[in-house]
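Shared between the two complexes below is chain A, which pairs with chain B and chain C, respectively.
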Partner chain A sequence: MKKRSIGALAYKNIQNNKGRYFKQAAMVMVLTWTMLLGLIIIVSISSGLERLRDRMGADLMLVPLGYERSAEGILIKGEPKYFYFEQDIMTQLENADIEGIERLSSQFYLTSSNQGCCDIPVQFIGLDKDSDFTIKPWIKTLYVNEKDYLNDGYIVVGSSIDVPEDGKIRFYDQYFTVAAKLDQTGSGLDNAVFLNRTTTKTLYEAALSKGFNFMDGCDPLKTVSSVFITVKDGTDVKRVSQQIRSHIDGVQVIATDGMIGSTQQGLEGFISLMYILIGILIVLSFVILSLSFKLQVTERKDDYKLMRTIGVTKGEIRKLVLSQAFILSIIGSILGLVLATVSIFPFYTAINAAVSIPFLIPSGIKLVLLYLVTGLIGIIIGPLGALGSAIRISGGLEER
Partner chain B sequence: MKIEVNNIYKSYHSKHRDIDVLKDVTFSLEKGKFYCLKGDSGCGKTTLLSILAGVIKPDKGQVIVDDTNLTALSEDKRTKLRRHTIAYIPQAQEVIEDLTVEENITLVDYFEGKKVNQEKLEEVVNILGINKLRKEYPRELSGGEARRVIFARALYQGASVIYADEPTNDLDKDNREAIASIIKSITEKGVTFMAATHDEGLMCRANKVFALQ
Partner chain C sequence: MKKILPIVNIIIGALLIIGPQTFLHVCKGSMMGMTPPCKDIPTWSLVAGIILIIVSLAKLVLIFTGKGSKVAYIVTGLAEAVIGVVAIGIPTFIVGTCKSQHMHCHMVTKPALIIIGAVIIITAVVGLIVNKDKKVE
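Here is the complex of A and B:
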């Protein structure tokens, strides 16, 4: 027979009267469930923005005048768009000979169709393999040799795109081989397909043959949708931006930090609100639990008095009450964490598709920490709420 | 075990008056004897038992239990004495509804971190005649059966002296008789028993009856 203990008695009390103790466990469950969900959402939004900032790799992005919103739509919201410079922007930049520019890389945008000729709706981004610096650092899975990933006929896909078993995806009734898959950003780039200029031309012509004409007189080998620029270390990005504007007409110069920054600013209010709500929930839970434990302990006043009569000390009564609260908190916390897990992870793809902001669910240490912090708060709040009642009731028999 | 009660005084102070409940109470108790304490309602029987059990302290006087001055001990030490040496059964004390009879009897083991002493438990439930009720919950017991469980707990804890306030209160004649027999058999095992009571049938079985005025 096992040794008995105060913990065992606490557990037995709960076991033998689940109805009485269910409320407290449920309160802790709701708290941890909501708190973990909220924190994951907050961290996912912050992580998504941070990852996008890193992934952009560029200090400046040039798009045709008036197309800033469209560019934001592609990068941040994952809305497939296409637009083109009417002029030969790359030659103009070369001729302007602007000081401080370290690297330049152009991109060409197309979109897939929701007619039957394309397997999935995506954003196509055609780029020059030699000058591109935006995708190579982010390759997660390589299906071909590293040097071949942007060869003719190959595509590189964002993390949200499923790669079929045969490794080929159909667009405009043309099949393209998936050469690599990129790491997750939680942004619109996760739904993008990257290809070299020659492959882009093949795709463009395939689209034309299906009746999709993106731009009259467009040459996918030369036409440009956007230009990504990195500046040299120590160079003032604003100065470079001003110089570009003064030398070239019809161009919108976007500081990538600013694009992400404005999105971030817009979300800061939402994030602050989430933190406030979580804080309110914690306080409310504490108050409700305190009241609930007070009622429950008062209900069992006679039992505690009996225990004092048979030789149980005040400290042991307190231990018993707190042990009960601790066990209930553990049960509630575990249930809450499980519920939060099944609420968000199986639906991540749907959530990501539904929200128009970068959303990158944390992983690894960050996620473990979130679970630990939430679990710990859930486990502590019960005994904290019961502490007052435990101290009060342990008086028991009056010393007169 | 010898218990000496010397010159006990106890008053209660309220807003409007002071009540002298006990004044210079002195007596002694011997091992294995059955004592009754009688007196009118409000004469101080419960107060005296509470002092003897170490639940409250007197204003003046001593209670010596085998050379230990109970009244000089700290509250925790007096509480711990009630765990094994002294058993106190207040009036209308019930059992814990959420625990079985067996768990009620062995309740103190939870707080001492011990295994159940099966031998002692067997002995105690047989003396009290509640062996068949061990796995029952208190809601399934009659008044008399519940009273036996309370006595069983006191014996299981190894009490050398049991103070009971109105132990046959609210019981029918048969149960009162049964409790009286149980008390007798307990004292025959060397346990000292003192009952505050109005039950004449119980009083006439006692070795001595103290009257509080």
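Here is the complex of A and C:
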């Protein structure tokens, strides 16, 4: 019997006993499906946190005392919120003589309501055009000149906000021209709209005329919601943070690394659990497949004996058992990978909205690697599970 | 296989009927006096689901009674495929969804109906292939 015909015989065997082999292919399918889903979720959470860390662009964030959770809500979970400093924080910072500050820029927060049937509330972030350093590195598409993206009447939108064909978006019955779109972060910032202080004032007044009132005496040109600070190279962030606390009252100083770090810490347990579950699933699949192949080979012992009498060697019988396992694993793996693909990619936005944590599906090489690793494990687990049975049956036949 | 495929399509038909009324719901009510463009999706899905169930039941009868001609299998198979195309078309070119990516009809109903439509087309094509030779089972 030629090597090629062993494969053909294995395929014919599977075709003639679909019911018998279906369970083994289904086991491999469930393994690859669950494993790829788990790995994509793990990598997406890690990528989301990594991207958010890069995206922050600042070492310290100042918010009014007691608003740390709200700031986290805006940056990490994408919950539209607004809060304001009651004091003139920028003047206080400038007069406080704090050493080690390299750059600082203030932001003003505002939220939208549902404007039409198909809009969702978004977070507005008013920036200081001259001092802002937080969004420029993340611009993915520019629709105007590089210097003009924060001009009056222009807005910069996060990656999840659709840009209409005419490039204009309506908020509170006012139309604003989209000047740029940012790269995806997988965090709440993907649903934010960035604009300069003058445009924020136009928006604020439009909101007031529609009956929305955010805070009495609030002036979008002067009021501050948060201040982003970068420290000079070699300066201890903690020291700068302590100086700010000792000089200014009513301010919550958040180390951006610490904020992301605490979120990361909370997710580390979940990620470890996912790895453990994937490990258990691999071991369980191997054990079930081994037992299943053992039963199958024992059931077909007489067939193999008959094959031996017509001149099939014990090596060829071993190859036949392994080939069947290999074909089943390939079918199961392909089905599992396809199922995982249709379960996660079309529903990416829904998953991202549901998890409320930075979630960025990997792309390119990372994604190809995940598919390769999962596919490879799926393909080898069948033959590995069948190996013991294949060796045992060929040995048993030889004894007789 | 011949019997399984129409049964699968009956289950999918039930999903087309129940899904948009429950977990695959569209954006509810009118907001700021405007009607969501996705509001007709449940009606279209209901009709598509009922037709799919009727066609699949007819196919099952043909298989079990053994009275189906080759033409009958081709016609029912093509009808299923057309319903698959309609299921894909409901959230895309027939009715449409809200523009915002974060509206439920856009992020859940639309991809789910597209996948359901694709599965209907695949089962219809597989059905046409397995029924192409033998007149009856």
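Note that the second predicted complex is superposed on the first by the 385 of 400 C-alpha atoms of A that agree within 3 Å, B and C clash if a C-alpha of one lies under 4 Å from a C-alpha of the other, contacts with A are read in each partner's own complex, and residues count from 1 in each chain.
Going forward, a contact is a pair of C-beta atoms (placed from the backbone, for glycine too) under 8 Å apart; a residue touches a chain by one contact, two chains touch by 3 or more.
What you see is a predicted model; the values in this text were computed from it and never measured.
Asks: Kindly classify A:N191 by the partners it touches after superposition: chain B alone (first), chain C alone (second), both, or neither?
Replies: Only chain C; A:N191 stays clear of chain B.
Asks: For A:I365, using the defined touch cut-off, is the partner it touches chain B, chain C, both, or neither? Pick first, second, both or neither.
Replies: neither
Asks: Who contacts more of chain A, chain B or chain C?
Replies: Between chain B and chain C, B touches the greater number of residues in chain A.
Asks: Now for A:S5: first (chain B), second (chain C), both, or neither, which partner does it touch?
Replies: first
Asks: Which holds for A:R308: it touches chain B only (first), chain C only (second), both, or neither?
Replies: Once the two structures are laid over each other on A, A:R308 reaches chain B alone.
Asks: Identify the overlap between the chain B-contacting and the chain C-contacting residues of chain A.
Replies: After superposing on chain A, no chain A residue contacts both chain B and chain C.
Asks: For chain C, which residues count as touching chain A in their complex?
Replies: For chain C paired with chain A, touching residues are 27, 30-32, 34-37, 98-103, 106-108, 111-112, 114-115.
Asks: Chain C touches which residues of chain A in the complex?
Replies: 114-120, 160, 162, 164, 191, 342, 346-347, 349-350, 353
Asks: Which part of chain A faces chain B closely enough to touch in the complex?
Replies: Residues in contact with chain B: 1-6, 8-9, 12-13, 16-17, 302-303, 306-316, 397-400.
Asks: Under the stated contact criterion, what part of chain B meets chain A in this complex?
Replies: Per the touch definition, chain B meets chain A at residues 12, 55-57, 75-76, 79-84, 87-90, 93-99, 103, 106-116, 118, 153, 157.
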